[in-house]
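Two complexes follow with chain A in common, the first pairing it with chain B and the second with chain C.
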Partner chain A sequence: MTHPSSGEALAKPAPGGLGRLLDHRVLLSIAVLAILPWLLPSKALAVNVLIYGVVVMGYNLLFGYTGLLSFGQAAFFGAGAYFTGIAIGRYGVPWFAAVAIAVFLSTCLAAVIGIISTRTRGIYFSMVTLALAQLVYYVALQASSFTGGENGLRGFTVDRINLFGLQVNFLDPVNKYYVLMAFAALAMWFQSRILNSPFGAVIEAIRENEQRARACGYDVERSKLVVFMLSGATSSLGGCMLALHLSIVPLDILHYQTSGMIVMMVLLGGARSFFGPFVGAASFLILEDVISLWTPHWQIFVGAIFVLFVLFLPKGIWGTLLDTLGIGKARR
Partner chain B sequence: MSKSGSTSKITRRTALAGLSAGAALLAMPRIGRAADETIRIGFPTPLTGPFAAEARDQVKCAELAVKLVNDKGGIGGRKVELLVRDDKLNAGEAATRTLELIEKDKVHAVVGALSSAVQLAVNEVTRARGVIYVSISQSDTINEAKDFSKYTFHEALNPHMTTAAVARQTLKKGMKVAHLVADYAYGHEMLRGFKRAQAAIGADNVGEILHPFGAADYSTFMPRLMSLRPDVLCISNFGRDQANAIKQAVDFGVKQQMKIVVPVILHNQRLAVGPDVFEGVVGGANYYWGLESQSKSAAAFNAAFKAANGGAIPTDYGAYGYSGVGSLLAAMQTAGGTDTDKVVDALEKLQYDLTKGPQHYRKCDHQSVQSVLVLESKKKSAMAGDNDLFAILANDTGSDDMLRSCSELGHAT
Partner chain C sequence: MDLSLIIMQLLSGIALGAVLVITALGLTIVFGMLGVVNFAHGALFMIGAYAGLYLASLTGSFWWGLLLAPILIGAFGMLIEFVLIRRLYGRSIDDPLLLTFGLSYVLVEGVRIVFGSDGIPFPTPPQLIGVLDLGIGFFPRYRLFVIALVAVVLLVLWLTLEKTRVGLIVRAGARDPTIMQVLGVDIGRVWLAIFGLGVGLAALGGVLAGPMRSVNPEMGSLVLAEAFVVTVIGGLGSIVGAVVAGLMVGISISLVALFAPEMATIVMFALMAVVLLIRPQGLFGVRGRTA
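Now for the complex of A and B:
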C-alpha cells in the first residue's frame, strides 16, 4: 500500500526495499514513544498514552482500515486486563506468561463476538457489538468472586520483574514505561506487518467496496472475522499493559463509555493512519489531564474541541498533518 | 521519511548540546527536591460526577485543616500543601492520579477518595509504594485483611457501625423491614449491615429490591415495595440517588404506610430537596453542625469553618476531610516530620478530638473508632432557621464493640 518513489525503494529489489521502509515506519514511531515520558507532564500520563495508543491502534485496524464501526472495543481492552490480573493474582502465573494467556483468551472472546457480529452490517454491526460488550460488562459485574465485581480486581501488584536474569524494579515509573513500550513496539510491528501483507490490501478493499472485493474472489466474511480477532488481540494487549501499570482493574474499563472514548481517540488522532492512534490517545489524555487541573468543567472544553475536529478536521490531527505535508498517501 | 544523508546534518556540536540539555532536564527534579521542604498531601476526590457536592465540601474542610496547621507555623517549620486532584469517580482515573501524585509530585501521604471502588484502587497504589493513605469514605472491605496494609487508615465510619446504630434506633422485635438498595458495593455493604442488625434485633426481612447506580426513575420500585407492606423501608444509596429515591417514595405516599430509614442521611441532599420530602426520615451520620450544643470540638470546628468560608456551616462528608487530614497532620507533628514508619506509629497511638469527641485508630485494622450520630429530619414548622435540618436522636459513643472483631476481618490477633 505504500509506494513512495524514494531513492531507497528503487535502489533495492522491491521486497527488500519495502521491508526497510516498513522498518522505518515502526522505528520512527518507537523513537517518538521513547522520548515521550520526558515531554509529558508525568510518567503515569505517558504510560496511559502507550496503553490507550495500543488499544486504539487495535481498534483502528477494524474501524480505520476495514471500515467496521464497532462500539464494543472495551470488551477486549477489559478482557485483556481482567485475564492478566486473574492469572497473576489468583493462579500465581508469572507476569509474562499471564500476558500471553490473556491475549490468547481475549482473542478467543473476539472470535465468539466476531462470529456473531460480523454477520451484520452498518448500524446493526455497531449495535450488536455494543450489546455483546455490555454482556461482558455484566458478566464481570456478577462474577465478583473472580473479578472483584464493583470494587474492581485487586491484589496482583507486580513490583519486581525478571528480565533475562536482570531484576528490575517495576514500581519505578521509568522502568515500567520502557518495559511496557516494548509491548507497544511489538504490537506496532505486528500491525505494520499485517497492513503490508496481501491481507492488509484485502481489508482495505472491503472498506472501499465490499461488493467488488467479493466479486474479485476474496472471502469477505472470513476476512472480517480475522480482522475482528486481530483487532481484539491488539486491544487486549493494551488491557494487559493497563493491568500491569495500575495493578488494579476497574470495572469501568468494560463500560460502553470506554468504547466511546476509543472511538473518540481514533477520530481525534486520525483513522487509517499508522501513528494516528497514539496521537489521538495522547491529545485526548493530555486535554483531559491539563484542563481538569484548571476547571471541574473540563468536559465542556473536551466536547467543544471534539466537535470542532469532526467539523473541520475529519481526518484527525495526524491525518491532516500528513496531508498538509504532502505525504498523505504514504499513510504513516 | 528522512532522506538518505540527512543524518549527517546532526553535527557533533549539536549532538553534545542536545545531550547536555537532556541531562540538565533530567537533573532538574533532583535539584528542585533538595531545596523543597514543603509537606505535600495528595487529595484525589470526585469533583465531577454525582458526588461532586460532597467532594467540594471535603476539599474545603481539608484545606481548612491545612490552613490551621500552617497558621501555627506548620510542622517542624515546614509548610503543608494540599494537592487536590479530580478522580472523576472512576477507579482507573483515581489510580492514575495517585500514581502522578506519588511519582511526580512526591507527596508524603494521600487522603481522600469517595466511593468504595475508588478508595480501594487508591489503596492498592499507595500500599504497594509504602505511602500512607487515609480513606474518608465508607467501606467495610478496606479494613479486611485482604486489602489492608500498615499504610492504610480508614477515618470514615464503616457500613457495619452505621447501620447498627441506625437499626438500634428505628427497629424493634417483630417489625417488618423492606430494602431499596443501590446495586453497587456501597449499597451491598449497607444491606449486609442492616440484615445483620435486623437479625440481632429480631426484625423480619420482607424483601429487597436493587436499583441501578445513578437511577433517575424509581416509580417502578415503589408499588412493589408498598405491596410488601413493611413497617420500615431502608433506602441504601448515596448522593443524588438518595434525594431522588426519597422524593419519589414520598410522591407515591410511602410515608403514610411506613417509616423511611437511610444508613447515612446526607446534609446536602436534604438541602437539595427541602424539608417536606425528608420530614421524619431517620439516618446515621458522622457529623452534624448542631452537635455544637453538646460538644466543644464541634463548636470550635464550626467556628473555624465559618470564619474561612464566609459564614457557611460544615457538612457531614466535609467533616471527614477535616478529621482525615487533621489526624494525619497531628501524627506528623508527633513524629516530627514525614518519616513514614514514624508517622504510622504515631497514627496508631494517636488520640484525637477534632470534630465531635474522642477518636482513635484501632491497632489491628486502622479503623477510626468514633461516635455515630442518628439524626431525624425536622419538619418545616419545627426548624429554627435554614440550617436547622435535623434533630439528634442518638449520639452513640465510639467503642471497639461497634466494629467487627479483628479476627472476623481476618487479622492475626
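Now for the complex of A and C:
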C-alpha cells in the first residue's frame, strides 16, 4: 500500500540467504512461468495468467512503485488489444509489426491521459483516471466502424505465425504459450531495468514523500508522466497478447470493471513486489474459475475476499510471504 | 431549430442535472468531512432505486418508496461505516477507496441474486404522469417534480449546515476533528451520521432516477463515473461546486444530444478534461488538498 514509511525504499542493505536469490528476479520469474502450464489445471488458464500478469505488472509500476492509484489502466490494456487487432485485420500488418505499432500508439494515448491526470493528486487522480478511461470506452463504443462497437472487434485471425523464417502453429496451446511468454519475459526484463535505474529510485522517492523528492531537485511532474507512459506501454503489451490469443477484442476490456480487476489482482498478489502481479493474476483467475464452477455469482465472493485483503492483508499474498520469510524489501 | 425547443431541452438538462447534483453531493459531502471517496456510491444509488421500487410496490405508493428508501439505505450506509470503513481511518487514504470498490462488487452481485440481472421498469407515479403546458411547449410533469424536489432538498441541507448547531459541529469537525473531540464532541458519531447522509443522498438520487432510466444492476457504474466527473469539475469536497457542475453537466449532455446525439455521453468527459487543464483543483476546489 502507499503508506508513507520513513525512507525504506532508499535504504538497501544486501540481505543474505534467500534474499540473494532475488538478485536474479527476472530469471527466477521466467523459470516459474516456464513450468506454469504444467502447474495449472489448463493451458488456457496459464495463458491468461501470462496476459494479465503483464498487464498488472505494468500497473504495479504506477501503483506499487510510484504510489499512484489509477483506476483507468483498462484504457491501455484495451488500446493495445484494439490497435493490434485493427492493424492486423484492417491493414494487413504482420503480427510483430502490429504489436510494435500498438504499443507505440498506446503509449501516445498514455501520454495524453497522463498529461491531464498527473496534474492532479491523491484520490483526485483516481477519479480523473477512471473518468478519462471511461471516455476511451465510449469513444470505442461510438467509433463502431473501426472497433465493432458493442460487438467487439472481429475479423482478424492469428493461426500460423512466422518466427524468423520458422512457421509456428499458433493454434497449438503450448506453442502459443511460449511465444506469449517471450513477451512476458521482455516486459519483466524491461521493468527490472527501470526499477534498478536511478529513475526507479526517483519514483520510489516520490511515493515515499513527494515534497521531499521535489525539494531534492527531481522533476516530480515529469517523472510521474514518464512512469504513467511506461506503465501504459507495459499494460498495452498485455493487450496485444490478448488480441493475438483470442483473435477477437471484446468491448468489456475497456470498461472500468477491467481497471478494477487489475487493481484487485495487484492487491491480491502484493503491490510493490516484482513477482506479485503474476501471483495476483493467477490467484484471481483461479478463484474465478473455482467459484464459477458452483455459482454464477462468483463476483460476490471475489468482492468479499478483496475487502478482507484490504482490511487484513494489505500487502497481498506474495508481499506477505516475502515479509514472513524476512526477505529484504529492496529485492522484491 | 427554434428557440422553444432549445429551452425545453435546457429544462430537460436541468432535470438530469438535478439527479446528478443530489448524487454527487452525497459523494462530495462524505469526502469533504471524512476524506473518504466512496467507490460504492454508484452501487448504493442502484440499490436505492431497487429499494424505492420494492417499497413502492409493497406499500402501493411511490411516495412511501421515495421517503423510506433513502432512510433505509442511509441506515445501511451507517452500518457499512461502523463495520468496515471505521477500521481504516488513519491508514493510507487509498484504503477506504479500495475497500468500497470491493464492496461495490458484493452489492451489485447481491442485487443480481435477489432481483435478477434484467432491468425492471419503474412506473411513474400516477399523479405525475403526462406533460404540463408551459406556454412555449409541453414538459413532463415528473421531471418538473424532480427539479422542485432537489431544490427543496438543497435548501434544507444548506440551512442545516449553515444555520443550525448540528451544521456548526459538522463544519468544525471537517476542519479539525481533534479539537472537536477535546471540546467533548463524539466525532465518531458525527462521521457515522455524515456517511449515512451521503449514502441516503445516493439512494434518493436512485429513486428519483428510477422513472427516468431503467432500473438494472449495472445502472450504478455509469452513475459513479458521472458523479466523479461532476465532483472533479466542481472541486472535490465543495458543495457549491457539486451543484454548479451537476447542472452544467446535465445541461451540456442534454444540449449536445439535440445537435449530435452520438457525442452526448462523451461531452461530460471532454468538459472535465478542459476544466482540469485550466484548473486542476476544479472550479470551486481548494488548491493544495487534492490538486
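Basically, the second predicted complex is superposed on the first by the 306 of 332 C-alpha atoms of A that agree within 3 Å, B and C clash if a C-alpha of one lies under 4 Å from a C-alpha of the other, contacts with A are read in each partner's own complex, and residues count from 1 in each chain.
Criterion: a contact is a pair of C-beta atoms (placed from the backbone, for glycine too) under 8 Å apart; a residue touches a chain by one contact, two chains touch by 3 or more.
Small disclaimer: the values here were computed from a predicted structure and weren't measured.
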item: Chain C versus chain B on the shared chain A, clash or fit after superposition; value: clash
item: First (chain B), second (chain C), both or neither touched by A:Glu208; value: neither
item: Which of chain B and chain C A:Gln299 touches, first, second, both or neither; value: both
item: First (chain B), second (chain C), both or neither touched by A:Ile123; value: second
item: Touching partner for A:Trp38 - first (chain B), second (chain C), both, neither; value: first
item: Which superposed partner A:Gly149 touches (first chain B, second chain C, both, neither); value: first
item: First (chain B), second (chain C), both or neither touched by A:Glu221; value: neither
item: First, second, both or neither for A:Ile253, with chain B first and chain C second; value: first
item: Clash-bearing segment of chain B relative to chain C, given 239-247, 329-337, 383-391 or 401-409; value: 239-247
item: Shared chain A contacts, counted only where both chain B and chain C touch the same residue; value: 297, 299
item: Residues of chain B touching chain A in the complex; value: 1-4, 22, 25-26, 47-48, 52, 85-86, 88, 90-92, 95-96, 99-100, 103-104, 116-117, 120-121, 124-125, 128-129, 141, 146-147, 184-185, 188
item: Partner chain A, residues of chain C touching it in the complex; value: 31, 37, 84, 87-88, 91-95, 97-99, 101-106, 108-110, 112-113, 221, 225, 228-229, 231-232, 236, 262-263, 265-266, 269-270, 272-273, 276-277, 280-281, 290-291
item: Parts of chain A lying in touch with chain B, wherever the complex brings them together; value: 4, 6-8, 21, 24, 38, 41-45, 48, 149-152, 154-155, 157, 159, 171, 173, 242, 246-248, 250-253, 292-293, 296-299, 327, 330
item: Touch list for chain A against partner chain C, complex; value: 1-3, 69, 116-117, 119-124, 126-128, 130-132, 134-135, 138-139, 141-142, 255-257, 260, 263-264, 267, 297, 299-300, 302-304, 306-307, 309-311, 314
